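What follows is a group of structures, each given as structure tokens.
Both complexes below contain chain A, partnered by chain B and then by chain C.
Right after this comes the complex of A and B.
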């Protein structure tokens, strides 16, 4: 009886540790994008991207608030929020997906791994399937993750007036850099 | 008469161009010198977002707010700045501070009580945290 009790207690503890080890997160993810056009280059940065990565299932969730992006020019930031991304209506952008080659990654040992991921990217209230590749660098229980992928402005129903259409790239390169740490609740 | 018209035309054109340049180069909001619209405790602020995210976002997002709370942690972000985390009863307020020379790191130790002024970005539901940027420590 006592043994059974101990077994249950230990399994609960082990299960909990297992879960705690399986998840990684960040709240200071760096998300940036770059638009290259003839007249001017535009880049914007956000240092408050959030992410949860489940190392057991490979599931990946990212979220970023549109109003958190900082531009070099205040006017661009204003147009981006009010006219293009309409951040009052669609305050956040999310990615929900999966690492598809999880078997190639050893989360318990230090090393650098090339990963592939796919999932749903939501920007401006529009969701599209995306897939791309990135790098996971495991170093003493923290993971430095980086990835970049192209976002076609038209796919997300972002309307850009004809007068400035040449100033903004049709495909914007989005870059994600995350320092993930073990997730404790 | 014709000469006058051309003159007015040129003046108008110059004004438009000058206005355009000023608009294009207009400065970012200076949060430090802007007056804050609300002054409350970090817990009360968080509670409002927890109760009704949409309503609270409408009310607070893009506004300068001063709030008082207790530091749980300070993390350096990848841009060289800092994110101060205020831990309330219910959840975290993530305050991004620009790397400023006046940033007194002694004040930033865990468990110290601070008053922070910053620009409200919104609520992140993945981690259930409230985000602020361009923050300054007032007290």
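Right after this comes the complex of A and C.
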């Protein structure tokens, strides 16, 4: 009876640890975007992206503060927050989705894997389905993930006035680079 | 004994099961939300005003570090001069100036006004920044100091022309708060010293406070109002009035247009705080505008 009790206790502990270990996390994800237009290029970077990846289910979530994007020109940054992304109303941008070819990835051994993912991207309070491909590199229990995908500005109801139509691209390339580490509760 | 253990096990299993359930159902985004909550970020207020001037007076805003701003301002003649003067548009005074951000917090600027042929030079330093979160600061506080020199020929007829009598000084505390995304308010206690005044009865020093506000009508348009109250006027020129101004800021990419009506023609603190001649009761109103264009000199 005592043995049974211990077995159950241990299995409970193991199940719990097992679940915690199945997740990978970062709060210093690098998210950038690049807009190429006739009059100027705009390049913005954010190093405070948070991401969590569940290696068991392939589910992943990403969240980034709009105010954390840094631009080379101060006024661009102000207008980005104030006029375009309206960060006072929509402070965060999120992605929630899953890796669709999870069987191709071995999280226990080192290696580099091409992955496909799909999910819902929310920017400026608008949600759209996106799917794209990226790379997962497993190295000693950390995961380097990178992906890029195009974002059509109009799909997220971000209004660009006619006067600056030559300054801002209609489709912006978004890049994500993450170094995920085992998630500890 | 066995019964006790069994009960204990049942409870334990129940707890485990609910625990297990909570893991399985957990939303990853909610988990992220929780994780970022523990982070203690400081969030600074930005864009309390759209421009470095509310209308006539300085705002707490600075030209950003490494950025040069070219400002052209006009004040026209009295609107009530009628059609002959095209409602004042025939008689414009102009100030053009350059403003540079040495850092995000420290600005220097210089300019030349056609009004009294005045050159000016100033510095502005942001001492406190409004913020919330880990660091909490209810207001933004800037210090402003400027010097102006008039280039008018034969400034004081019959007297020896000494350069120092052409100078005047301005000192201001700029205290502002962005209450919400739309509404900002600023108090600007001001001291002005003029080395030379028109008559001996007029005091060289003027103590005043500006009160200015803006309300956002849309993302790119704000309504601004500004008033300079002089604490004591019986020792000042009785042909002068408190300055008042109302206007709009319109923003288009790299430009900010400020269109306004005011009872003062001067665009320097000395002229609008201390020497506004427009009498509102007589309908003396001047139309004016400021346009600024920024050039990024040093990229981040």
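By our rule, the second predicted complex is superposed on the first by the 185 of 185 C-alpha atoms of A that agree within 3 Å, B and C clash if a C-alpha of one lies under 4 Å from a C-alpha of the other, contacts with A are read in each partner's own complex, and residues count from 1 in each chain.
As a convention for this text, a contact is a pair of C-beta atoms (placed from the backbone, for glycine too) under 8 Å apart; a residue touches a chain by one contact, two chains touch by 3 or more.
These figures come from a predicted structure and were not determined experimentally.
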{"item": "Clash-or-fit label for the pair chain B, chain C on chain A", "value": "clash"}
{"item": "Which superposed partner A:27 touches (first chain B, second chain C, both, neither)", "value": "both"}
{"item": "Chain B versus chain C as contact partner of A:67, first or second or both or neither", "value": "both"}
{"item": "First, second, both or neither for A:75, with chain B first and chain C second", "value": "both"}
{"item": "Which of chain B and chain C A:45 touches, first, second, both or neither", "value": "first"}
{"item": "Which superposed partner A:167 touches (first chain B, second chain C, both, neither)", "value": "second"}
{"item": "Partner chain in contact with A:54 - chain B first, chain C second, else both or neither", "value": "second"}
{"item": "Chain B versus chain C as contact partner of A:182, first or second or both or neither", "value": "neither"}
{"item": "Between chain B and chain C, more extensive residue contact with chain A", "value": "C"}
{"item": "Location of chain C clashes with chain B - one stretch out of 2-10, 20-28, 38-46 or 146-154", "value": "38-46"}
{"item": "Footprint overlap on chain A, comparing chain B with chain C", "value": "25, 27, 50-52, 61-63, 67, 70, 73-75, 88, 94"}
{"item": "Footprint of chain A on chain B - complex, ascending", "value": "23-29, 57, 61-62, 75, 77-79, 81, 83, 85, 92, 94, 96, 121-122, 124-127, 129, 131, 133"}
{"item": "Footprint of chain C on chain A - complex, ascending", "value": "1, 5, 8-9, 12, 15-16, 19, 25, 27, 50-52, 54, 59-63, 67, 70-75, 78-79, 81-83, 86, 88, 94, 96, 161, 163-164, 167"}
{"item": "Chain C residues within the chain A interface of the complex", "value": "2, 5, 9, 12-13, 16, 19-20, 23, 27-29, 31-33, 35-36, 39, 43, 46-47, 64-65, 67, 104, 181, 219-220, 251-254, 294, 296, 299-300"}
{"item": "Chain A residues within the chain B interface of the complex", "value": "25, 27-28, 30, 45, 47-48, 50-52, 61-63, 65, 67-68, 70, 73-75, 77, 88, 91-92, 94, 177, 179"}
